[in-house]
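First, the structure itself, so that you have it in front of you.
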Amino acid sequence: MDSKKLKNLFASVKDGSISVEDAVRSIKHLPYEDISFAKVDHHRHLRQGVPEVIFASGKTDEQVLSIARAMHKKSGSFLITKASKKIRNALKIKGAVFYADSGIITVGEEKKKTGNVLVLTAGTSDIPVAEEAAVTASFLGSKVATVYDVGVAGLHRLMDNSAAMREARVIVVVAGMEGALPSVVGGMTDRPIIAVPTSIGYGTSLGGLTALFAMLNSCVPGIAVMNIDNGFGAGCLAHRINTPGDRK
Amino acid sequence: MDSKKLKNLFASVKDGSISVEDAVRSIKHLPYEDISFAKVDHHRHLRQGVPEVIFASGKTDEQVLSIARAMHKKSGSFLITKASKKIRNALKIKGAVFYADSGIITVGEEKKKTGNVLVLTAGTSDIPVAEEAAVTASFLGSKVATVYDVGVAGLHRLMDNSAAMREARVIVVVAGMEGALPSVVGGMTDRPIIAVPTSIGYGTSLGGLTALFAMLNSCVPGIAVMNIDNGFGAGCLAHRINTPGDRK
Amino acid sequence: MDSKKLKNLFASVKDGSISVEDAVRSIKHLPYEDISFAKVDHHRHLRQGVPEVIFASGKTDEQVLSIARAMHKKSGSFLITKASKKIRNALKIKGAVFYADSGIITVGEEKKKTGNVLVLTAGTSDIPVAEEAAVTASFLGSKVATVYDVGVAGLHRLMDNSAAMREARVIVVVAGMEGALPSVVGGMTDRPIIAVPTSIGYGTSLGGLTALFAMLNSCVPGIAVMNIDNGFGAGCLAHRINTPGDRK
Amino acid sequence: MDSKKLKNLFASVKDGSISVEDAVRSIKHLPYEDISFAKVDHHRHLRQGVPEVIFASGKTDEQVLSIARAMHKKSGSFLITKASKKIRNALKIKGAVFYADSGIITVGEEKKKTGNVLVLTAGTSDIPVAEEAAVTASFLGSKVATVYDVGVAGLHRLMDNSAAMREARVIVVVAGMEGALPSVVGGMTDRPIIAVPTSIGYGTSLGGLTALFAMLNSCVPGIAVMNIDNGFGAGCLAHRINTPGDRK
Amino acid sequence: MDSKKLKNLFASVKDGSISVEDAVRSIKHLPYEDISFAKVDHHRHLRQGVPEVIFASGKTDEQVLSIARAMHKKSGSFLITKASKKIRNALKIKGAVFYADSGIITVGEEKKKTGNVLVLTAGTSDIPVAEEAAVTASFLGSKVATVYDVGVAGLHRLMDNSAAMREARVIVVVAGMEGALPSVVGGMTDRPIIAVPTSIGYGTSLGGLTALFAMLNSCVPGIAVMNIDNGFGAGCLAHRINTPGDRK
Amino acid sequence: MDSKKLKNLFASVKDGSISVEDAVRSIKHLPYEDISFAKVDHHRHLRQGVPEVIFASGKTDEQVLSIARAMHKKSGSFLITKASKKIRNALKIKGAVFYADSGIITVGEEKKKTGNVLVLTAGTSDIPVAEEAAVTASFLGSKVATVYDVGVAGLHRLMDNSAAMREARVIVVVAGMEGALPSVVGGMTDRPIIAVPTSIGYGTSLGGLTALFAMLNSCVPGIAVMNIDNGFGAGCLAHRINTPGDRK
Amino acid sequence: MDSKKLKNLFASVKDGSISVEDAVRSIKHLPYEDISFAKVDHHRHLRQGVPEVIFASGKTDEQVLSIARAMHKKSGSFLITKASKKIRNALKIKGAVFYADSGIITVGEEKKKTGNVLVLTAGTSDIPVAEEAAVTASFLGSKVATVYDVGVAGLHRLMDNSAAMREARVIVVVAGMEGALPSVVGGMTDRPIIAVPTSIGYGTSLGGLTALFAMLNSCVPGIAVMNIDNGFGAGCLAHRINTPGDRK
Amino acid sequence: MDSKKLKNLFASVKDGSISVEDAVRSIKHLPYEDISFAKVDHHRHLRQGVPEVIFASGKTDEQVLSIARAMHKKSGSFLITKASKKIRNALKIKGAVFYADSGIITVGEEKKKTGNVLVLTAGTSDIPVAEEAAVTASFLGSKVATVYDVGVAGLHRLMDNSAAMREARVIVVVAGMEGALPSVVGGMTDRPIIAVPTSIGYGTSLGGLTALFAMLNSCVPGIAVMNIDNGFGAGCLAHRINTPGDRK
């Protein structure tokens, strides 16, 4: 039931061609699908918290490109994750930026950055996932700082960066292997912490499950955990937390 | 290096028995253990984000009570989780409140509540975990609202509460079985969502692992996931997110 | 937005106290929760396919009884699963029937039985789950036959009952251990088969996971699989399949 | 014991060269393998519910083609699943249809379509599995409708299609990641639901196990679950449920 | 189709009231269930390899006793596994023997023992499972020797018993924890080895799965593996192997 | 301590240059490594039960060939499993036979075949594993028969071969997917059964774990289970069981 | 072949009743079991590294006591792990010491302590396992120090004890939940570290598997890991490492 | 707080512009990051126990080479693990040694070897992991001996090497499949044992998990276990144990 139909209904009530009772009855059977006119508004609302995104992994280059072109026409601003340099080149969209470590592509103009998101990694191998989180949060409008390779095997490296932790509103901690870094960071700060396990490791790292479970069992209460290698999700959540006052 | 030693060092510098350069050098080698005097300050800072807590499960009543008495003397304000009515009665602390569903006990005076935390559950069996989250966040100083039994099998129940969702700064979603509620809530709001899987279910619910994994794989990006039945952690995280401006 | 409010809106349109445009606008913002007047109808509809049910396991007797009393007042017809004789006796509802093997209690008058549901078990230990399925389907209005203890170790027992299989519209097959019976039954019939794994077994039966996975991997295509020990769900599905023409 | 031997036995009884008692005794020892003459009839019966099918995955192209040629001669009507365009081309059978998304090939003439099967997917990546289900059910003689990309992150998309749900006799719901869609659909309809988990996802999606377990634990009772990515099985089951009156 | 019906059929053929052709046709449709007259013979055959048995675990004492009484009347000779002393006493069957370690009860007269089965255990905690295997094989008619506590931590204990190994026709090796004994025994003999993992251990023994998997991965080829704690099955298999010439 | 040293010791005792007591003492400390002269005999013994074998998978062609050449020189008779046609051709050993389905190569002259091993498969995809078992047992000296594609979806195919089952001394049953065939065969025979799970299947077949666990949980007692795809081990065990009287 | 037989053999050689060649031959066939005279020496050797121990868990009190009495007579010095106060009291052995936290009982006189073993725990709940390790190592003759409750959530607590770490020869680190402490300790020292995961935690702690896997995946190389809750094993290993020069 | 700030503080104390008490108070709040000047010393200490290492697996050749060049400049002495011949050749560092089985590269001059590390393997396929352990320990300064292919299927091979075991200070045991070798070795020696599971095997070897769990559950107490295939870690630990007196 779209606006026009509704208008006709009210007009019919007004001019008496349908009784109030019948109008109530007809609208009572208003099926769910008829409220679809709320879709657009709803979508705009959603987009404040989450960007439009194409998950390129498992799609052919051609599929990615055709979805990207459609999005480019519609909104002009979106992300492609797990993409390749080749996709970037084939995209032929001015201003699209390709981040080589994470394979994320941003399309659309820069937003003004607010708040303060800090992204930490335990090792250098965790950087691709961290970059995905950082680029995503930045793309959504968060100010983002990154400090890489501050794992628990050398705590002084982490302690050198405690100032950055104090300044952050929310901290994303990316770690593979034993996934211990979020616990240590959590013991040093009162900021919300988003822990992202990575699939870095071998044998009993179980493709990241060990880091994931370690993070879920942190002796520091109140650590948010994401799916393995889910830098994009961490960036979205970090932005949601970082900008609580920006939305209605 | 404790206070006394430090005082002697400064006195020696002052009276010239040690040069400034030598003093700097000596303090540069200050071993890690000597910074233990920072403990108290650090702890106070931590407590802004996380309450002192006794996890009663797996401890004897006597153990819980003796730790509680020590905490009562030291800080006067703390939580006991997974406790029993019997512990509450034996506690003999005025103003301690026992919440029967979750078994949480709060000790200490009420804080002024700020912000807005919403706690949802999929079913009535999830209420104990939700109550633990709600009491914890409230105890820490967050304003908390709860809406229970709005699972995905009857979406209208959830939709009836969309106003509460719009008003919240952060939403805690507690669900067992297939753990689908956070995804549906996540599709209707741009607030940060904290998903708490519960061990409600049987067979392939695998003690809550199924709900946990479902939440980690949500098609809505940016959902924070906690350990199974970890209402306390969810309350801590919700408060951290809810009051970003309250701390330094 | 309930009927009364809607009526007032239409009356206002009719008497001109609100313009057609304003009425359209107000109804466009009709929030999701306002369509809650659809709840009752929707529920009635649902109940054609699924009975109201109390899952007693994990609830105190008192909790079960108070929910049962509320349901008894509201609809008069419902099920309690995983209940005890003690609950039955405390229920004090005339005509409530307690089935001792499965612990299911039915409350409410008999419906006319239609169609033909056959429930098979591999062993005698699987009977409690089978009884739950049979009682549920029968309670919903399906004609149900049961044949127990026809496992694959003695195929002649199964073959003796091929006539019953030919007469069924849908066959529920309940089996634990290696869960092979659904495959063998599936090779002998073209009826829809609902396979229910049970937790009967030890060691690598993994609490029913082995039977579950075996059923999901049946070399006979088109077997529906339920959660472990989920006789209630199997009864609901069997009834849904058995009476496709009874609903709109 | 084939027909000829049986005939001789009866002839011997008739002409008195063997007594009735001896005839009974000889036939009592009729071993299982002697009832092999029932094979053909039995097979015809089976084919009413399940098509002949070649599972191409893990076979060489040459193996697939030689089995296909044999089937083509024998019955003229069969399916090849998980096949490639290259196999289709090499097949050289007129009227064979290749479906590119799912890699299913149908061989044989169209049947008259009856009933009403609805196939839904949560995302676009689930379409290959959905197509396999839809083509299979249609090939067997079911009328099939498909609605893709109506996942729980945007419920309005699902609600827009509630009419299609009301018209269906059975609904196949295909979803990966958290596998929440069957629960939501199950809450909106009383039709039998066949849930098919897909391997879409990463990390803790565990190759589809998370979606599978979520579906088995649905809070909506009576959802049939299939093996991961088993669109073919879902199509078979949907047809079995959709056409209960077509068979004896 | 039972004997009487068959007799009538033949009589009708003989007296000409049914033609040979019609008789052949009628018997061609002889449904599977009609061959049920083969049941008894088949069962006797089976019993040569496998005893009648009641698995007491998970049954009430009363259930066990009533099945036992039925079996006692019918065949006089059977086993009860995982039983208690209390059941033995309530059984009131003369000559029933209760084995306290394994909880197995034998009912029925002794058979003449043939062949040579050797049962080894790694530790003393494995004895209950070993006893179940030994009693079962002996009950079926195998000569059985047992050597307990010869685990790999002290190889000399095993080597002291190499003569017993050389004399055996088949060796049952029972072990928990790391399950290494079958590999070591397998390296010292050419006899068929039946490995039985036990649930002895803690932590990563995973209730016996670790021992099971270790046995399945033995570097010695040709070791038969049983389910965890399945002494009864091992006894049956050992007897089947031990007496290949005793059956037809 | 080799023969020569022993000889010297005895000579010294004889000529009195060492006392009996000292000789006993010296031999009492005879370290384990000194009994290495038993190695050869032991090896010959072992070979009666298990062939020399090269597991080609995971080795380079060159590694396989150099080990094969060494074995060829030493014993002239051995197996290579999981090998390729290319290896066969490079082998340049007259009489080496390559089996294409399983990739097994036999080198050495034929032994006289005794006993009777039957190898069954559930489907055609299980044939490579079955062939490995059959070739291995035959190579060791067992008479082997094979019947393929007699899975539980069409029981008549299995029943047609009950004569072959009655004639066998031991039956190897190879099956993937739900692994149900060993249970059904076990219900029809009293022969020792060796069940070999294969990795055939997808999704919840879990690479063969589902078939493995199903076989371990068979409702028919006394089924020997092998590691996934371990046709070679099954062939060794079948031969050990098949020829109990051939060895000392 | 015991001493007496050997003596006779040598005597026969000496007196010429058996030739040197025949003596060599007879001793060449000396079966493995005849070297059993090495058992006692071997055992004494073993005991230098590992104490005699009774694992009380899963045994009846009476079984524990009778084994303990036998050991008391034989060696006078042994351990009982996972025991109860009740067992201690029933033991009636003077000087037996019961440790209440871990349930370990030591019997036998004190050894002189050497070396330096440090036992750390992450939390207070890990103390029982730590005490078992400490008592075991001390019982074997190691000097042991313990520092409890120095988990990663408050690093200053650990740093306060860096002096103890520098003085240790080997460090046992006991931790449950996320198991992060060994990594942090490993980053601060070059001593061998023995990590013991405990079953402390809930939900995804998976009974200690998460801590175990985290420790196996430590980013600090060279950490030794024990089974879950295996304090006894850690004590044995710590002593073996702590006293490398004490044994031959 | 860096050196300059510290210097100013001491100068202020000296000239009386700040009192001793105030100086003590200010330094008490010295944040963690200011102790970063301890980094270098700390690192030097660490390197005594653990070498600098590049884990090449999962890095591009170019990444490995650029890190290697940086390390070469800084310390001149480091390892590359899981590397290729191609990397070795591209390295262009004189004296770099490439070990082909394990793919480890050593750079830097030889250290004097002390102590005695023995590395054993169960099979030839375990050699790459063993070589990694041996090269690592040797590179760090340990004397290393290796004995390969002494698995439990032929115990005499192990016993032949008992002298090597007696001479070792620490024994590394590398084994895949059922992982039984560490238990057998542990029963024959009192040396510390480091067990390294390898991913050698198939099916239920679960990529090495079976060997890992078997080792953790050894019936011999006090065996140190490493992650799957972690030869490098085993080498580090062996060296730490082997040279307890070399460090401070």
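First chain written, first letter: the chains are A, B, C, D, E, F, G and H, and each begins at residue 1.
Throughout what follows, contacts are C-beta pairs under 8 Å (C-beta built on N, C-alpha and C of every residue); 3 or more make two chains touch, one makes a residue touch a chain.
Everything quoted here is computed from the prediction, not taken from an experiment.
Shared contacts of chain B and chain H, meaning chains that touch the two of them, come down to A, G.
Annotation of chain A and chain H: jointly contacted by B, G, touch as defined at the top.
Counting hops only between chains that touch, chain A reaches chain F in a minimum of 2.
Among the remaining chains, the Cα-based centre furthest from that of chain E is the centre of A.
The pairing of chain C with chain E is characterised as different-residue: of all residue numbers used at this interface, under half are used by both copies. If you average the Cα atoms of chain D and of chain G, the two centres end up 58 Å apart. If you average the Cα atoms of chain D and of chain F, the two centres end up 39 Å apart.
Centre-to-centre separation between chain G and chain H, using Cα means, comes to 24 Å.
Those residues of chain B in touch with two or more other chains are numbered 32, 35, 38, 46, 154, 187-188, 203-205, 209, 212, 216-217, 220, 227, 230.
Annotation, chain-chain contacts: A-B, A-C, A-D, A-G, A-H, B-C, B-D, B-G, B-H, C-D, C-E, C-F, D-E, D-F, E-F, E-G, E-H, F-G, F-H, G-H (touch as defined at the top). Contact residues of chain A toward chain B in the complex are 42, 45-46, 48-50, 53, 166, 169-170, 187, 189-192, 194, 212, 216-217, 220-227, 230, 232-237, 239-241, 244, 247-248.
Residues 3, 6-7, 10-11, 13-14, 16, 20-21, 23-24, 27-30, 32, 35, 37-38 of chain H are the ones that touch chain B when the two sit in their complex.
Listing the residues of chain D that touch chain B in their complex gives 122-123, 151-155, 177-180, 183-184, 186-188, 201, 203-206, 209-211, 213-220. Chain A contributes residues 125, 154, 156-157, 159-163, 188, 200, 202-205 to its touches with chain H in the complex.
Taken in their complex, chain A has these residues touching chain D: 31-33, 35-36, 38-39, 42-43, 46, 57-59, 197, 199, 207-209, 212, 227-230.
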